[in-house]
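Encoded as structure tokens, here's the structure I'll be asking about.
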Amino acid sequence: MMKSNSKVLIAIYFLLSATVVMGQATEPWVVPAAKKSVKNPVAVSTSVIEKGKSLYMANCKSCHGDPGKGNGLPLVPKPTDPASDKYQAQTDGEMFYKMQNGRGAMPKFAEVIPDNDKWAIIHFVRTFSKKKNSADAGKIMPDTLPAGSSFTSTSLNGKPITLKLKFNEPDSTLIATVSTLNEDGDLLPVEGVPVGFFLKRYFGSLPVGEEIGRTDKDGRIEVAVPRNLPGDTSGLLHFIARVTDPEVYGIAMDSIGASCGKPLVIVNITEERTLWGRSRVAPLYIIITFFGALAAVWGTMGYVVSNVLKIAQKDV
Amino acid sequence: MSVNKLSTEESYKTLNKIETDLLRPMTHHKGLELWILFLVLFFIIGGYAYFIQLRDGLGVTAMRDYTSWGMYIGNFVFFVAASLIGMFISSVLGLLKIKWITPITRIAEMIALAFAMWAGIVIVIDMGRPDRLLNVFLHGRFQSPILWDVTVVSTYVAISFLLLFLPLIPDAAVIRRRLPGLPKWQMKIYDLLYLGWEARPGQYLIIKKSMRILAILIIPVALAIHTVTSWLFASTLRAGWDTAIFGPYFVSGAFVAGVAAVIIAMYFFRYNYKLGDYITDFHFNRMGQVLVLVSAIYIYFNLNEYFVPAYKMRIAEKVHLVEMFTGHWSTLFWFTQIICLVIPAFLLIFKKMRRPSIMLWLSVLVLLGAWLKRFLIVVPVQQHPYLPIQNVPDSFHHYIPTGIEITLTILPIVGVLLIITIIAKLFPVISVWEVAHEKGVDESIIK
Amino acid sequence: MKEDKNLSDSPQQDENNARRGFLKKLGLVVGAGAAVTAGAVYLGYDHEKKKNPDGKKVRVLTADGQLMEVSEAELIQAENQTADEESELQRRGREGLPGKHWVMVIDLSKCRNARMCMAACQGAHHLRPEQHHINVLRMQDAEHTEPYFMPKPCFHCDNPPCTKVCPVDATFKRQDGIVLIDNQRCIGCRFCIAACPYSARVFNWIEPLKSEEDKDLPYDVELNVPQRKGTISKCLFSADCLRKGELPYCVRACPNGVYYFGDLNEDTVTNGTTRETVRFSELIRKNGGYTVLEELGTKPQVYYLPPKNRLFPYQYEGKTTIDPDDSRVGGGRG
């Protein structure tokens, strides 16, 4: 019932909007040559791709669907799946131009998403390119590649990495250390691994810190924990740190509880005397007025009735 | 009592005439049976309408999510308003020692009791789940104006009951003496009510003192019922209801409705019950003046109620007011305000107009206007909430009462007439002992 | 006693007798009328209950495997279980989740009137198509301002005008801030509809959509299912989902990232579409969040982010402007 309802609604809504754009829809979308050849000025990195992904999810997914799944909305024309060959055949400049200007049901993002962010989306979309998987494999580099580092994305293949999370109380910082085992079974720090810090919340994980950073040469990364985070009744907060690019580095995460939050003071608002609460918590002035007036009026009436009944007495 | 005392012989003669005149309608009533039959027939129709409403839900009315209070609530406010007259005539005017009210106090009390009793039933008709009425007593919240309303209305019914039946004690004694041939069940009522009345000074003392206490007590209670009823609206945040003037505005309007209802009843009883010697042109003249007075007060409150927000025209209020002044409701609004309030009040300023026949029609207009005004207070405000009414069927935008709704609105009015008819059949509509007293009859013989 | 003479004359007496005879008949008519009325009322109640009137027998399997036939009226066991279940649902439903204070943020710049929220909500709560716990409104604040879509659930006010006026505690606010309905308690007076300045409440004017198939379900006060004729319903912030750690139905259904939902005590809200979790205070501060008609003092717990930088300009039924009759105050056409 629910499903068919929503389908009908979508259909009605989009048929309506589709009729408006139908005319232009059949014509090919021509991008000026100058714009077509524009190169993506933003350097690719995992954090850029992460950013592009979250921007895609927030702004593009509702029509284009999940890349590769073909679950975009049934508009006319249908929004292209970014993972499709047809889409990937475009140049970066074409993609950028189309995002910038929009057409028909495709909105104009020129002023809505900053240019660098649009390029980040293009970087994200390019991760679905089949070409990338062959020729460009391993091209995604860490943001900061230290001089002389021999790091490649494949160097960790087969070797599990571990992540240890600690809380440094005096500085109020979270410290994550990423390491791997060498042939002798010793722990070796791994540099350049992207690690995200999160605070466990009721419905999801709240990122701690502005951006996702990478481990330094000691395999360490730290992030400051804001001091005003509300915790549970004892101020306890549950933090999680994890490697944010598991496809490249493998899965590793750790969690820790730290009593660094603002303790929650539970106030049961339903126990306060209010006008909106239950009868039991009615404001005293209402209870006093109500029963006072009731007693006064009915008392007087009782007095009158008892008096009147005296009429029947012979001695009156 | 400033009236000259009559001699014993004159007293008997006068009392005899009063008793004969006032008790005659109890045994002489052409067409009463037909009238009761008519009322009962309507009751059966109304009962069937209510059965349908119970079976199918309140959806059989025109009320919907936005206009969720309709005619029923308007009717309720009207009933509470009309019931206030008992307090106005017998308490306010009585305590001011205004003598001419004596022959009309019982009529006012009858109207008050009948309307107050039915007000409660009107509310039950409006309930989506009348089977859960007891929840109000089991789970009542003292913060809710509805609980206050239930409390004050039932209290008012109780006081009105006492104020109606207390002065009936000596009259019951008179009926027992004068009409011993009445049916047994009827005589039982008088036996129960007369309380061994022998017109002893001590008995008079008790009855007069008690009536005085009740007359004072009923004033705050009566003000409370209509003020609390106005709070059902004024306690909300809706533009058009959210006004501090609602309490006195409703109370002043109630007096207009009540006085008009009493004038209609006076006319009816005067001619049908042949009480021309008791309910005289003088009484009509006086009641006409009272109607002018209460109407003037009400017009003054109307001016405040409409002019002040109209001067500012705040957006939410503007939408409502424009609909009232020039929009969808304007015909009904101006008919109610001008034809049913201002013009009757203006005409009654002139003595020539304060004749029973003219006053009857003016009062009918005023009473009709009083009902329509409650409708206009209740319904239009709800059609202009702060947020737009959208994505709902067209019927949610309008309010056109259905047949069942109209039937169930008339049903309680028929109920009021039935109660008044029964009381007027069982008891004299004018207090025998008080009128006799007024005319200087020796108190001790009224038994 | 001489005064009585004229009343006890014989013609008078006869007339009285005749009249009394008629009155007796009349009494019968009155009585019959009253009986018919009472009967009609009773029938109405009886119909309401819908308990099988014919004392039908049903077959049950006893613990030792025997097939028995029992009058259906005697089958109280199962009903008691439902009652137990219901009282447990009532208890926890009225108590709420301690230490929580739910809050919703609606990003108006994202709403495109997809109405998936409305559909999901109506499906979950078994509502008729015209009954909206959440309603996407077409709004325009002033003559020359841009129109926008505004999803409007119940605002779960911290100073709720609706629960103030309820005479029987059938609508109540619990400790986690949710304003709920108990349709087993509601008397259908509709004072709460009158009191709500946001038109958030709906009434079951007729038999609810799924009353027949839902009639054996234990009543869950957190879902308000089964719906009941003659009682109120409204947005419940999907209290049943929150208990399970899930976002509300509407929040999850939105394809456009309009809704954030979370716990004010945690200062955190999560987007139902992208699952992006952010600090509530920052989201509000950075985007100029506000509440609707806050001047009424109701303290709504649903916040809005203004409809700026919209990806999709306002468009409804092919028009990019809004019919003045359709917008803001007085959507009702009289």
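Labels for the chains are A, B and C, by order of writing; each one numbers its residues from 1.
Note that contacts are C-beta pairs under 8 Å (C-beta built on N, C-alpha and C of every residue); 3 or more make two chains touch, one makes a residue touch a chain.
Only a predicted model underlies this, so the values are computations on that prediction, with no experimental measurement involved.
Between the chains B-C lie more C-beta contact pairs than between any other two chains.
When every chain is represented by the mean of its C-alpha atoms, the one lying closest to the mean of all protein C-alpha atoms is C.
Seen from the Cα centre of chain A, the chain whose own Cα centre is farthest off is B. Chain A and chain B have Cα centroids separated by 64 Å. Separating the CA-averaged centres of chain A and chain C is a span of 31 Å. Inter-chain spacing, taken between the CA centroids of chain B and chain C, is 35 Å.
For chain B, the set of residues touching two or more other chains reads 139-141, 143.
Chain contacts: chain A has residues 275-279 touching two or more partner chains. In chain C, the residues touching two or more other chains are 118, 161, 164, 169. Those residues of chain A whose C-beta lies close enough to touch chain B in the complex are 275-279, 282-283, 286-287, 290, 293-294, 297-298, 300-301, 303-305, 307-312, 314-316. Of all residues in chain B, those touching chain C in their complex are 12, 16, 19-20, 27, 33, 36-37, 40-41, 43-44, 46-48, 50-51, 53-59, 63-66, 68-69, 123, 126-133, 135-136, 138-141, 143-147, 150, 177-181, 183, 232-233, 235-239, 241, 315-316, 319-320, 323, 327-329, 380, 382-393, 396-398.
In the complex of the two chains, the chain C residues touching chain A come out as 98-100, 112-116, 118-120, 122-124, 158-161, 163-164, 169, 172-175, 177, 245, 247, 253, 255-257, 261-263, 265-271, 273-279, 309-313, 315, 317-318. The part of chain C that touches chain B in the complex is made up of residues 3-4, 6-8, 12-13, 16, 19-20, 22-23, 26, 29-30, 33-34, 36-37, 40-41, 43-45, 47-48, 118, 130-132, 135-139, 152, 161, 164-170, 185-191, 193-195, 197-199, 201-207, 229-231, 292-293, 296, 298, 326-334.
Touching chain A in their complex are the following residues of chain B: 139-143, 148, 151, 155, 158-159, 162, 166, 169, 195-197, 200, 202-203, 206-207, 209-210, 213-214, 217, 220-221, 224.
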